[in-house]
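Two complexes are shown next, each including subunit A; its partner changes from subunit B in the first to subunit C in the second.
And then the complex of A and B:
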C-alpha cells in the first residue's frame, strides 16, 4: 500500500493502481476521454496529463502507476494549461453541432470544455469534413465528424465483446472509425459502445432523437430480460421509459449489458397496458373499477377450499409479489397447491458472459421460496390464481372442475386473457419497489421510475387490499419492506436480508 | 581514415556474397563466436557507438536492457524504414552493401540472444528490398544464417518484411505494431520494447547503419573505433546531402567534421549562383541552422546540441538564399500532418492545424497573429504525445520562425510570397 500525495493530500492507496484511480480516492477528478477502467490503456487523448514531482514532462495519469512516495498534481498551472490545449486541439475538427447532437447534456467534450477551457477557438481554417449518419450495425449509428478517436469502442469490441468489429482507417486528422468492409457492428453488446463514447459520435438507433437527456430522470434498478440481472439505470420522463443503460456492478455485469436487454423496457410504454381490472361478462372481458374487481374476487373465492385451489407464481414477478401470493393462499386457504411458471423461449440467445438462456429474472427467487415448476397432475382444480398471463398450453395441461374460476394478475391486455374470469392490472418492473434473485443467487433491488398506470398496482398491494375486504387478517402489507421482512423471517434462504443490506449492489442468498 | 560503412560502395557488385567475402566480409563472425554475448555488449558499449536512427542513444546500453532471465524469446528488429525527408543513407547501405547489414544483424542477435530477427524495410524501397532479400538468401545458403551458424551452435533466422509506406512505422514501436500485422500506431511507454516489444517479448530495434557498423567494431576492436570521431561521438557517420550543392549524395565522414568542410569537400560546395541560407542538419524534423551556425558547427551530437539542433539521421538539407523558408516549412507541415498516425489528439490536430495555417501564410493569406499562433501550436504539441512525431514538426517550426521570422512577416505585409 504505497503512501502518496495527490495535490498535497496525503493518502495511502492500493498497489498497482493508476493515477486517475488514485486521485479518485481523494475526491480529485482527473479528466479523461480514452481511459476506461474496464478497458486496456490507450493513452491517446492526452486529457489526463498530470504533473509528477521531479518529472520535467507532464505524464498521462492513465498509464502511470502509483509508487511509494509519489507526489503529483492534478490542478497545477502546468496541468491546467495542458487541459486547455488538449481541449483546443480536440475541438479543432469537431463540428460543435451541440444543438442538434443527441449527446448534448451528457457529452464529455461539452462538460470538459466548460470546466477546463471555456475560451473561444483560435482555429480559423476549414475543418476536415467526414461522413455523417453512418449505419455501423443494427443498433448503432456513427457521426464521424464528432468522433474524437479515443478508441474506447474499438477496444470494447475487441476486449469485452471479443468480436474485433471496429477499427480505424486513414491517418492523421483524416482518421475514421469504421467496420471492416461489408461487416456490420453486430455483436450482442454493441450498444455499450454508445454508452462509453464520450461524445456524440456513436448513438443508439433506439434512443437517438427520442429525448433531450436533460429531461431524463434516472433510477437505479436491474434489467429483467434474463436471469443475469444486469444492473442498470432506467432513464425516464413523463411516465415513459426511454432507455436502459448499464450501471457498474463488478459482481454481476461489470459495466456492461447486452443489446437485447436494453430493449426490455419497451413493454412498459406499450399501448396495451392494463389500466383497470377486467371482469368476464357475456360480451367478453369488461373493464371495471378496482373496488368492483376486489368484490368480485371475494365472490369467486367464497366457497373455495384450499385443496382445489391452485396458486401459480411467476419467475418473471418479484419476490414480494410471489411471496404475497403464497402468504395469501396459505393463510386463508389451507392447503393450496403452489407452483410457478416461467417464460420459455424456444431458441434463447445465450453466451458465457452476460446473456443467460433463462429469460426469467427471478427463477432463483421463486425456487428459493420452495415453489416448483408447474406440472400436470391428476388433481382437479376449482380455482386458479396466477401471476402473469397463463398460456393456453398450461391451461390445457391442467384439469379443472366444471365452472372453475381463473383469476390472473397481468400487465398487458392480451387476446390470451379471454379465459380469465377476473384480471387484475399490475405494475411492471419499472413501476415498483421489489427484489429479484439472479442466477448467482444475488438478491437485487428494483426501483420504480414512476407510478403504475391507472389502477394497476403490485400483486402484494392488491392481495392485501383483497384480504382486508374479505375480512381476513393476512396478508396486510402496506409497504414492500414488510413483505420482504416476512420473507426474510420465514424463508431460510432469505434469512438476515433486508433492503438496506441489498442496496445498490445486491446481496447473496444464504446457501441452503 | 578507415571507411567503416562505405568501403565497399565503389566495389563492383559488393552486394553479392562472394564479392563481399573477398573484401573480408563475414570475418568478424569468427571472433564473435569466441566471445560471450555479454562481452560483445561490453565491447559495443565501450566503442561508444550511438544509435544512428536519430536519437543517438548508446547501442550497447540499449542492448543491456534486455532481461537476462531468458524466460521469453528475444527479437531483433532492423529498422530499414528510412522515411525521414532528406535522409537516404540506409538506402545506399541496403543497395550497395547489404551483407554488411546481415553480418551486423548476426552480431547484434548473438549479443542479445535473439534467435529470430526481422528487417522491416520501407515499402517504396524497391531495389534495396531486392538486394537485401537476395543477400539474406545467399547468407542462408552459405550457412551464415539458419541453424548453428559456422558450427557455433548459435542459430538465427532472418526475415525481410516490407512496410506499406507509412512514415510512422519508422518509429520503433510503430514498427513493432506494423510487423505484428496491426495498424502502425506507436505504443505507450512503458513498457519499453526491451522488456515487452514484438509479440510481447523483449525486443531490440536497431537502425540499418548502427548494425552495419558492428562488423568493423568486432574486427578492429572498440578502441580503434573509438579513436575515430570525437570523445562522445565516436566513429564515422553517414550523411546524405541534398539541395543545390555540386555533389548531392551519401558520404561517410568522421564524427566531429566541421559542417562547412563537409559541404565544401564532400558535397562540393554550392551550385553556381546559389548562396547558402540555411541547413537542416539531421533530417527534416531537426531544428534548422542559419548560415552563421553552419559555419560554426561540427557534425557530432554535442556540437549540434550546442547550436540547439541535433544530428538526427544525418539527412543534410541545404536551403539556398532564393528559396522561401515559409514554403519550405509549409512543405514540412504538409508532410507531418499527412504522416501523423492520428492517435494522440495534440499531434493529430496540431500538425493538421499548423499545416493549414502555414499553407495559408505561404499563399499570402496570413493574418496578424498567425506566426505566434504557429509557435504556440508547436509549443503545446511538444512532449505531449505518445511518440515524437508532433515534436518533429514543432522543432523545425520553432527554429524556422525564430531564425527567419522576417521572411514570415514579409508574407503578411506583402500578402504574397516575395520569392514568387
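And then the complex of A and C:
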C-alpha cells in the first residue's frame, strides 16, 4: 500500500494501480481516450499526461504505476498546457461534424474540448478526408474521419472478444481502422466497440440516427435475454426504449454485453403489445375492460377446487410475478399443482463468457421458489392459470377435462393465445420493478422506464385486484416491495434479502 | 457554530458602509423614499384632464369622419395589413441547388423547440457526402408558438419562417400538421426555395 500525493492530497492506494486509478481514488479525473480499465494499456492518445515530481517530462498516467512516496499533479499549468496541445493535435483532422454526429452529447472529444481546451482552431491547412459510412460488420458502422486512433476497439476484439478482427492499416494521418478482407467484424460482442469508442467513429447499426442522446433518459436495470443477466442501462424516451448499454458489474458482466442481448428491448416497442384484456367469444378473442376481465376471472374460478387447478409460472417472469401466482393459488385453492415453463431455443447461441444457452432470465429464481418444470401427469385439470403464452405442444402434453378453462398473462398478441379463455395484458421487463435471479444465483433488480401501455399491469397487481374482487384476503399487495418481503420471509433461499440490499449490483441467494 | 452555513460569494461592504455583507453577485433592491406632493386645486377637480382626453377622442372622430379614405382600418380579408419582412409566419424547408432537402436531421430545431412540435425521423442519405436526411419532418402548428427558435437553432439555414403566412384556418386538426412534402413546397411567391448559405 504505497503512500502517494495527488495534487498535494496525501493518500494510501493499493499496490500496482496506475495513476489514473489512483487519482480517481481521491476524486480527481485524469482525462483519457485510449485507456480503459478492462483493457490493456496502449498509451497512444497522450491525453492523460500528468506532472510527476522530480521528473523533467510529463508522463502518461495510464502507463505509470504508483510508487512509494510519489507525488504528481493533474492540474498544474504544465499539465493544462499539454492537455490543450494534445486536444489541438487530435482535432487537426477531426471533421467536427457534431451536429450530424450520433455521438454528440456523449462524446469524449466534445467534453474534453469544452473542459480542457475551448480555444478556436488555428489549423489552416486542408483536413485529410477519409471514408465515411463504412460497414464493418452486421452491427457496426465506421466513420473513419471521426476516428482518433485510440485503438480501444482493436484491443477489445483481441482481448475480450478474443477474435482479432480489427487492425490499423496505412501510416501517419492516413491511418485507417479496417477489418481483414472478407472478414467482417462479426464477433458476438462487436457492439461493445461502439460503447467504448470515445468519439462517433463507431456507431451501432441498430441505434444509428434513431435518437439524439440528449433526449434519452437512462434507467439502471438488467438484460433479460439469457440467464446471465448482464447489468445494463436502458435508454428510453417518450415511451420507447432505444438501446441497452452495459453498465459495470465486476461480478456479472464486467463492462460488456453481447450483441444479441442488446436487441432484447425490441418486443417492448412492438406493435402487437396487449393493451387490454382479451376474452374468448364465439368470434374469437375480444378486447374488454379490466373490470370485466376481473369479473370473468372470478366466474371462471368459481367452482374450481385446488386439485384440478394447474398454475404455471414462467422462468421469463420476475420473482414477484411468479411468487404472487404461487401465493394466490396456495391461499385460495387448497393443494393446487404448480410448475413452470421456460423458453426453449432449439439451437441457442452459447459461449463460456457471457452468452448463456439458457435463454430464460429467471430460471434460478423459479427453481429457488420450489417450482418444477412442467411435466405431464396423470391428473386431469379443469383450469390452467399460466404466465406467458403457453405453447400448444405444452397444452397437448397435459390432460384436461372437458370444458377446461385456460387463463394466461401475456405481453403480446400472439397466435398461440387463441386457445385461451381469458388473457390479461402484463407489463414487460421495461415497465416494472422486480427481481430476477441469474445463473450465478444473484438476485438483481429490474427498474421501470415508463408505465405499461393501456390497462396492462404486473401479474401481482392483477392477482391482488382479482383476490379483492373475489372477496379473498390474500394476496393483497400494493407494492413490489411487499411481494418481495413475503418472498424473503417464506422462501428460505431468499432469506434476509430486500431491495435495498440487492441495489444496483445484486445480491446472492442463500445457498441451500 | 453548529448548523451554520456560510453563504457563498464574497464579502463586500454594506451600502451604509458600517457593516459587511455577503455578496453573491446579485445587487440587493434598494429603497429610495420619495416625498409625496399634494395635489393642486385643478388636479383635484380632474376637469382639465377630462377635457384634454375628450379633445383627443373628438379630434380623431372628426378627422375620420371628414377624411374616410385615411381611416386606419383594414377590410380584412379583402385587404391585408402589410407585415414586416421578418415576420414569423408558417415554416418552410429550404432546398439545395439540386432540389434535395437541406435539412440534415441534426434535430437541433427539435431540441430548441419549447413546444415540442417538431418530429423528425432520420434516415441514411443516399448521397455519401451527406450523413443523413429527414425521412419524416412534421411540424404540429397547433403546438407551435411561432417563437422562431427552430430557425435560429438551425446550423445550415434549412428551415425558415419567412413565408409571411399568418392566417391559418382549417376544419380539422390534421390540416395543422404540416408534413415534409408540404414544408418543402411552402415557398412564398418571389422567394427562392434554394439556400446556398453554409
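List of remarks:
Please note the rule applied: the second predicted complex is superposed on the first by the 512 of 512 C-alpha atoms of A that agree within 3 Å, B and C clash if a C-alpha of one lies under 4 Å from a C-alpha of the other, contacts with A are read in each partner's own complex, and residues count from 1 in each chain.
One rule holds for everything that comes next: a contact is a pair of C-beta atoms (placed from the backbone, for glycine too) under 8 Å apart; a residue touches a chain by one contact, two chains touch by 3 or more.
The structure displayed is predicted, hence computed values, not measured ones.
In this superposed model built on subunit A, subunit B and subunit C occupy separate space and fit side by side. When both complexes are overlaid on chain A, the residue A:93 reaches subunit B alone and has no touch with subunit C. Touch counts on subunit A: comparing subunit C and subunit B, the chain ahead is B. Measuring from the middle, so to speak, at the Cα centre of subunit A, the directions to subunit B and subunit C differ by 90 degrees in steps of 10.
By the touch criterion defined above, A:133 lies against subunit C but remains apart from subunit B after alignment on the C-alpha atoms of chain A. Of the two partner chains, subunit B is the only one touched by A:174; subunit C is not.
Within the superposed three-chain model, A:76 lies out of touch with both subunit B and subunit C [touch as defined at top]. In the superposition on chain A, contact of A:349 is made with neither subunit B nor subunit C. Subunit B and subunit C never share a C-alpha pair closer than 24 Å once the two structures are laid over each other. With the contact threshold set out at the top, not one residue of subunit A is in contact with subunit B in one structure and with subunit C in the other. By the touch criterion given at the top, residues 104-108, 111, 122-124, 128, 131-132, 155-156 of subunit C touch subunit A in their complex.
Looking at the complex, you find that subunit A touches subunit B at residues 41-47, 49, 57-58, 60, 63, 82, 85-86, 88-90, 92-93, 122-126, 128, 148-149, 167-168, 170-175. Across the complex, subunit B meets subunit A through its residues 166, 168, 183, 188, 190, 337-346, 348-353, 356-357, 360, 367, 373, 380-381, 383-386. For subunit A in complex with subunit C, the residues that touch the partner chain are 97, 99-101, 132-133, 208-210, 212, 214-215.
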